[in-house]
């Protein structure tokens, strides 16, 4: 599903984001990405989305080489990846429901199915009553859950989550994790960057640990440390 | 230092932020504010800063009643509170150093002492090498640490932190917590909203638990749950 | 379906970002109103000066020896010239009457004359005064025209005055046209500037849209339609203002000075102007702005 | 100290938000340039039309019976009138010469005259042509003026033509002044609009500043200075453009038509205009915008 081959990313002027990373994640896997603050987790995820190009190396997602992907194909590529962003990236002027609906709209789904799916998924993350609020009117944790809902709603074949529980209390975190787990069980590949030691240790899934841009550990059924 | 008397905050149209909260925090105390996502922690902190007015009740900070405070006195009030915001609130067009310097500048500190203090504090949070980067060029955890540095740099008599470790790995979180602890030991009152169960359980400080806007628990040397 | 969605998006966005919408609409309105008033003044200036210019004439004096046939033949020739707007024949008697009148109270001078020495003449008014020299030249060598040998003093044109009035009006009109063109360019600049600014302010929004898989056109269409609406609303406002000014102010002037021949602009043309001008400006403005902020 | 900090902040912000700065500067530049050109055209229109208007005159014909003393006394009276710009005495001989010239080729008619029946006259040019009737009226009952009994045909004014030219230039000037005023208002609107937009786009930044304890004036000053700089830079650009146009274009016209008496605007006044206009506009623009977005 995901293959990084000797990928490096150096930001201007000379800041290392990733350093010679080679990782392969199979279809249907569940993997944690851990590491200190600034170790390159978000860089890894942003490269997957083709937000920018790697300085070196090649990235393949769902069998397609991102380096050779045409510009016009990028939106389609992104639709197949559900992404929970670390800073939520909600459209500030749209209601919660419209934010979630937007990622269905871009795929050209009919309004009727949009009207059905959006409340469903928002109920699932516990925001059934905040559907018509603007993002600004939500607590940080609620915004994070909107971002989670938006990433799920398309039933993407790859789900990437950048610290999706950073602003959530332990109970709500567990709820979201269960959701991710269920989604993974239906065949969706899940990659999750996290600092939540408790969670990682409990789940016992694959753990990829980054340190200053390099993979320092990659073990199945691993622990946070 | 902080006194909430029967404070309620109802957002438009009819969303309860806080409900009849009475809490007193003494000078020099260290208190955790915990609760589910959306339970009112950020509302509590924003009321302290006089970002908006409570719907009912009165708030006193450092002996001054916020309801009766003149508009012109609000900036001064805010300078005496160091605040780590949940969404960081960094000025997007200024470098890290300038962001931290700004809260010194508003107090009219001379440029020389600004040039001395800013690198010092950034070193302390582990960002000595990112001083001239823009916030956009930092990882989320690094941005959070800038926000922490900015809150400290003024040596305020009250330090309020809204989830200051949400985007930090456990090691870095411990570092920040030690910093908060040290600051508290010098006499600064510290109020910290958090979801970090491990941290709260380890520190054994006062814990104020909110649930749907009400205080449901308030105990010294408490646990997260 | 999709079209309706885009229109809905555009309207929503106009309402949500009303501060910026209002700013853009005000810019369109003000620019187009100024442009409209400028063009209006220019057109009416043209009318007024063409009134002045039509007074400029060529006088062709005819030899006393010419026969009536020759005279009327010359008249027909003149009438056949495409540059000529109207011709007026001044007979010997008419000429004497005019002289008599102009001498006011001293007509006795003329009574002393033996007969009428004044020649008959044609007064020629042209469609375009700038052609005076060309037309006048055709009479220089005509045998029945009362030229002294070697000169063509039998053909008189407005001369210096003509030239001067002509030049003044000419340059006023060139200046006016240049100024109106300048206004048009300025309007386009200012409007696209404002739309660009309001899209720039939302570049993060655009970035988020891209990240959740929206194609460029999916993002662009609502912005373009927003631009079109902005343009239409602004232009409509400009039209309403313009009609108000025309009714309350210009009509009054026209009544006072019918000779100015001021044209009021018909509503139909205004409407056309609005739909084409406003819509085009708005869509071009957003189109250009998007090209810059919508890379990839 | 503080002042330097604010200036630094303003400059930094101009550079950091260069897209918005450029937009604002372009708006100031375009608006002021258009306004300047408009005012320039207007002033020169005034000159040109006043040239036409100065040709309008009053002729006062004097009885042949008047003594030279009476004539020169009348001349002094006329010169003493405050409305009069200049007076020109036309003697009997001069009058005959003019008639002779105007009769072209038929001077023999005049040779038949016994003596010179033409009266001497004063040609009076006024400062303000609209006072023609008032001034002319003063000669209606003057005994040495060559009026027939019961009329005042010894006093001639431009009459209809005068009225018409007067009215046309009058309304052109009123229209021009109105239009220039409109341009000025439009400029102010557009500029404050743009500055407001660019501050609106940074309202979150302002909010953050407030939250870390900045006073209103601490936030405002850099914005105001930014507005002042924007205004100054834009106005300077407008001046440079204007001088270029003046040199390459207007000077040419002036050379071709010196009679237009076109004034070039001296650089000193332009500079003053820029400092006052640009700076004021910019600071007012940001001041107004801030009032809206800087509550508390």
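The first chain written gets the first letter, and so on, giving A, B, C and D; residue counts start at 1 in each chain.
As a working rule, a contact is a pair of C-beta atoms (placed from the backbone, for glycine too) under 8 Å apart; a residue touches a chain by one contact, two chains touch by 3 or more.
Just so it is clear, the model here is predicted, and its values are computed rather than measured.
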Centroid comparison with chain A (C-alpha atoms), farthest chain: D
Intercentroid distance (Cα basis), chain D paired with chain B, Å: 63
Inter-centroid spacing, chain C versus chain B (mean Cα positions, whole Å): 67
Rounded Å distance, chain C centre to chain D centre (Cα mean): 22
Per-residue overlap in chain A, given as positions that touch at least 2 other chains: none
Residue numbers of chain D (touch at least two other chains): none
Overall pattern in which the protein chains touch one another (line/ring/star/complete/other): ring
Chain pairs that touch, as defined at the top of this document: A-B, A-C, B-D, C-D
Residue ranges of chain B in contact with chain D within the complex: 49, 51, 71-72, 74-79, 83, 85, 89-94, 102-103, 105-108, 111, 150
Complex interface listing, chain D residues touching chain C: 19-20, 23, 26-27, 30-31, 33-34, 37-38, 41, 45, 48, 52, 99, 103-106, 108-110, 112-114, 117-119, 146, 148, 153, 164-165, 167-168, 171-172, 175-176, 179, 182-183, 186, 189-190, 193-194, 196-198, 200-201, 253, 256-257, 259-260
Complex contacts: residues of chain D adjacent to chain B: 2, 5, 13, 16-17, 205, 208-216, 218, 296
In the complex, chain B residues that touch chain A: 11, 15, 34-38, 41-42, 86-87, 133, 137-142, 144-145, 163, 166-173, 195, 197-198, 224
